[in-house]
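First up is the structure itself, then whatever we jot down about it.
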Amino acid sequence: MTKTITDVICPFCGTLCDDVEVVVSDDGKQLLEVYNACVIGTEKFLHSQSKDRVTRPRMHQPDGSWKEVSYDEAVEYSAQMLAKAKKPLMFGWSSTNCEAQSVGNEIAEITRACCDNTAATCHGTSLIAIQDIGLPSCTLGEIKNRADRVIFWGCNPAHAHPRHMSRYSIFPRGFFTSKGQMSRKMIVVDPRVTDTAKMADVHLQVEQGKDYELLDALRVAFKGEWLPDVVAGIPKEKIREVADMMKSGRFGIIFFGMGVTQSLGKNHNIDEAIAVTKDLNEYTKFSIMPMRGHYNVTGSGEVFGWQFGFPYSVDLTRGFARYNPGDTSTIDLLIRGEIDAMFTIGSDPGAHFPISAVKQFAHIPSVCVDPHLTPTTGVSKLHVPVAFNGVEVGGNCYRMDNVPIDCRKVVEPPEGMLTDEQFLIKVRDRVRQLKGVA
Amino acid sequence: MATINVNLISGRSIQQGVAIEGGKEKPAYRTAAGIIELDPSDFKKLGAWKNTNVRVTSDYGSVVVKAIETTQGPHPGLGFIPMGPWANAIINPDTYSTGMPTFKGVPVKVDVAMNEPILLGIELVQKLCGVK
Amino acid sequence: MSEYIIKNGNVFDPVQGIKGDKADVAIKDGKIVDKVGSGAKVIDAKGKTVMAGAVEIHAHIAGPKINMGRIYRPEDKLFTCTPTKGIERMGGGASIPTTFKTGYEYAKMGYTTAMEAAMPPLFSRHVHEEIRDTPIIDEGAYPVFGNNWFVLEYLKNQEIENTAAYCAWLLRVTKGYAIKLVNPGGTEAWAWGLNCLSVNDPVPYFDITPAEIIKGLIEANEYLGLPHSMHIHPNNLGNPGCYETTLDTLKLAEGYKAKNKFGREQVMHLTHSQFHSYGGTNWGDFESKAKEITDYVNKNKNITIDTGNVTLDETTTMTADGPFEHHLTGLNNLKWANIDVEVETGSGVVPYIYSPSISVCAIQWAIGLEIALMMKDPMRCYITTDHPNAGPFTRYPRVIKWLMSAKAREAQINAFKHKDKVLSQSSIGTLDREISLYELAQMTRAGPAKSLGLSGMCGGLKPGMDADVAVYNFNPDKPVANPEEIEKAFSRCAHVFKSGVEVITNGEIVSNGNKRTLWVNAKVKDNPQVMRDINEKFLKYYSMTQANYEALGHHFVPNPYALEVDATQV
Amino acid sequence: METVTITMKNLPALYLEADNISPDAFAGKTAAQIGDLHVYEGNETWTLGKYFEVSGNAGATAADTKIIVKGDIKKVKYLGFKMSAGELVVEGSTDQYAGGWMTGGKMLVKGNVDAFAGTAMKGGELTIEGNAGNYLGAAYRGDWRGMKGGKILVKGNAGADIGMYMLGGEMVINGNVDVHVCTHAEGGKVIIKGNAKTKIGGQMVGGDIFVFGTIDVMMPGFKPAGELELEVDGIKAKFAHYIGDTGERHKKKKGQIVYGNLYKKI
């Protein structure tokens, strides 16, 4: 006898699909089948069941071997490391729930740490741009119900957010979009002919790293001003045609991704894209939205926001919150050698940071809290495996459009395993003792 | 066999997405992300068959990956390595004081390295960091 | 719980009609009591002012647009962040403080209850997470209804019972407190880049007018008999000449009478009326219509208002009135955030600088004060800054100074660059009224508590009420030599008790209190049609499932306090 | 004018935040009192004397105080933070925020500076004999009020994002600059004696940029507006004039639209 759990939230990407169905054994210990999720989400649920999973903390030995330790020993090492460090960095938070993030922030406050989330290497530059000129945006349901112009700029949902187009942006039939994809014009801007680009009505194959110029050219075209013959590899006639196509819509949306946030221009690419959106609101209704990667990177930004006032790259070392990417941002802190202890949770910097940054934390005291084996656990002194968020423990998360959704627990974690929040609470209480605070 | 210069970008692919959830210690991760996608025209310039091991070198490092023909082309002169340790061994870490490394738009050199092994993800990072 | 007795203070309590007489206030088990045992801790309030904890009826302090403001304004925190201090968490932010600073600042000024003025239902989990992380003060949140598709469709056919059933359902699943309207119809129009600037502009597609929405929601509110009345931010906010739209809106309440068990008498609360009392045809001949608005409200007893005083600061405007924020960014060209919310509402955020050297800002300052000074009944006019729209709530002591001292007003008027324009476009210069401490207690305690249907619980010092008490270093028997003394005294309390717990001593946080989340649990007859409509909308038009929308567990609202309403017999 | 010389004696393990090393903080203090001022290494607070040898007393006011900083101060941040008067001479290279938020006085760095030098500067003179990093004379994150006044001279090269949101004042770069010059600028003057890369003047609504060397790629928003003879920083030359960023929204003065100006030597 098995039971089916409905309305399950998929803890992979910022699309945060909440219509997944999971079949579990009736003792609730085994996850058997997954429906409605994309191939990545399905893998995420099923891999949580793998037999070779590490279920107890492990200390890295000098000879490269691992020694199993108890959670209490892991708590002690983590607390001592954080309490002793001059400038500890608590990084990650994007694959854990907001409850755990809150406890983490308390620890950071007590130990006067730097804290940052994975926006550092995905949409950090978007946040800088938003701070410069704002963000006219909307929820994903608005796009489903109204959008007749959909632009994907430097993002490839076919690969990175597999169900995005079917749930929200291209195919769904909404209140004012009863013809579904027929009622929408799809524009893709990408230097490659991506699988997303292949579906588009218009594909602008921009020269890599020239998005800023192309976006500026669009704004010039809106105003009917002079343009050079070719901008970023696109002839001016084409630019004017696309500009008119955007203006002529009733409700438009620009989705953007790593293609613009990580290329030359960085925050200014987003800045200009937001300016394009702002301009278009003089003629019609337009919105813009970052395609957030980790399923709860947005939530981490929100929690940092209401507790410290800044969305990421927060430096608490002076006892109060400070923020300035370039100074307080993880990559710069690491590469500049400003950090003397690294606590990683809900992220894999080992795989996704430039190697010069990874080398820095590979040689200082380090803890990695992660259910998986990763390059980060591979170079950390202590690996603390925990229950899978969104599978073995619930908790609140924020979708890419900032909509909060409470994740569901579908199966029990292996006997005796702690969740992120439970482990962090133990560390927090020990750190309080070590620092002698109430 | 020649050396070619391409502009490197890194990013998500669905195979890489599946592989990281399937386990980064597994060979499947290397198969998904230990690759560089090149345009057919660049294969000609390189004078190599599809699916040969190549060494990709930038100002910031060097790594061996498998060269495969792009499925999201044509993009002559552009190379794509999925996000992961292989790409990050050679991308430009300069953040221009924005906190964001330059993951996309790194000039790299590609040579055939037929007999050089492609390391597993965790191995690669441990080796580059000098950690056992 | 420990016992306290606050001795020999000058007590001001409109609930009991105490006007500054020396009296003792006894506290036991979280309540005000007649007397306590000899073991009670004695607080000497000799030469001090004692009032109930203040009640904030309208502020934007928790939720998506506030956090957008925090996130996109690092410059609002530059060099202003405060360190951890004992049990006090670190804080930051001038116009949009972090949640911790928000709770502490309210408490330090003697506030113990505050209402978040606009909760987008889809974001209720976010709002409640921030409320949970705001220490000390009791909080509730008003979900917005004025642009909600269910409401528009039901009211198009005057289906009051269905509207009421839907409102009850939404209040329950979002743990909301009251029915809030923001630019009714206008924000839905904004989804197409349009607006509704009068109560008769039809809403695109839905073919209904703001007037019909407003009347319908007053009726639904009274059908249910909710603690608070329909709470409205009318159409056409902030434009020269908007006072006419405001009067048209107020007239819609005519003939309606409050039906509820909470002692509430009004059927409409007009919020931040300063922004709705503008005359003139452009920013050049911009003038005050505070007299026209207050004359009407003085005559019509079924309406309450709050002021929305401009404090002349750099601040961050934020409202569910999406089209207004777009209009504003066009005026000052500063960064603009917009959040349209599917099926329900929208909102916008733009920084704004109320500069004393700009005549319009100075006139706005005058209008806010005129309204408070022209309202005859302080029980129906409450002090707000529509935080953070007209200024941060941390400026209340300054607003109180201006209201209590004509001398302070005169000093400010003389400091304006365009003094003559202020005097010619408003009548602030002719008003010599000075608000008394008793009237202040009405405008910040008894009044808002009554309007919210909380008069039995807070806003007064009657035995049996919650022991929310504020003690100010202000001696009513001594003449005020310098108005600055008023601002200083009301900035930091000598003592504050929240539900019987001492949370402030000499202006410092001594406890994080026992904060509660106030919400309204309204029961109606089973209504299968409305439940079917809800299921259908979630299947077709929402981007999340109904089951996940309704999930709002204990971890969001750890300490709830429900006001029970039974409309099953209607 | 009194001179205080401070010399690094104990290097910090990480980085040092020394926002107290400015004529304003030193004013009216003896060498001993200066040694007691706070500096911060990570989350630890120490005295300036722990790291620096202090000799000489400060003047009564910032205006008559001169500070000379010696030794290896590559890992010291916030030198000259918010300084309003007096002199600060840095004999070597220093880290981020050199002269940040300064409003007056003279600051001279004989080596290089890292990012955020002269952030939101209001007045005074900041001279850098080596190279400057990114965000030189730029606004703080999120703020639309950048450099308002004063003068910055860089004898070497400068990094990316110089003069972002610039409102006034003058910046002279003798060498080359990286991408993004004067983004969102509304005023002020930037003179680049060397070469500029791409994305120069993006979203500019006012102010002047002069480039004596090359520009890799012009922004599409800058349209040609003829040629003219000009004397810039004492040098007479012929310039091609471009106005922009035409994509951006522009203010009007007396009915005339105000644009940013980009002058390129030909």
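A, B, C and D are the chain letters, set down in written order, and residue numbers restart from 1 in every chain.
Note that in this section a residue touches a chain if its C-beta (ideal position, glycine included) is under 8 Å from a C-beta of that chain, and two chains touch if they have at least 3 such contacts.
This is a predicted model, so every value here is computed, not measured.
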{"item": "Interface with more contacting C-beta pairs, comparing A-B to A-D", "value": "A-B"}
{"item": "Closest chain to global C-alpha mean, per-chain Cα centroids", "value": "A"}
{"item": "Approximate Å spacing (C-alpha centroids) for the pair chain A, chain B", "value": "22"}
{"item": "Chain A and chain D: spacing of chain centres that average the CA atoms, whole Å", "value": "34"}
{"item": "Distance between chain centroids, defined by C-alpha means - chain B, chain D (Å)", "value": "39"}
{"item": "Cα-centroid distance, chain C relative to chain D, in whole angstrom", "value": "45"}
{"item": "For chain C, residues that touch 2 or more chains besides their own", "value": "72-74, 76, 335"}
{"item": "Shared interface positions of chain B, touching two or more other chains", "value": "96-97"}
{"item": "For chain A, residues contacting two or more additional chains", "value": "128, 131-132, 264, 316, 318-319, 323-327"}
{"item": "Residues on chain B engaged by chain A in the complex (per definition of touch)", "value": "7, 9, 11-14, 17-18, 20-25, 60-61, 70-75, 78, 80, 83-85, 88-89, 91-93, 95-105, 121-122, 124-126, 128-132"}
{"item": "Residue ranges of chain A touching chain B (in the complex, touch as defined)", "value": "12, 39-40, 43-44, 47, 50, 62-64, 120-121, 124-125, 128, 156, 158-160, 162, 191-195, 197, 208-209, 258-259, 261-264, 266-267, 293, 313, 325-327, 329-332, 335, 348, 350-359, 362-363, 372-375, 378-379"}
{"item": "Touch list for chain A against partner chain C, complex", "value": "6-7, 9, 18-19, 98-99, 102, 109-110, 127, 130-142, 144-146, 167-168, 174-176, 250-251, 278, 281, 284-285, 287, 301-303, 305-311, 316, 318-324, 395-396, 398, 401-406, 438"}
{"item": "Residues of chain C defined as touching chain D within the complex", "value": "72-76, 78, 333-335"}
{"item": "Chain C-facing residues of chain D, complex", "value": "140-144, 249"}
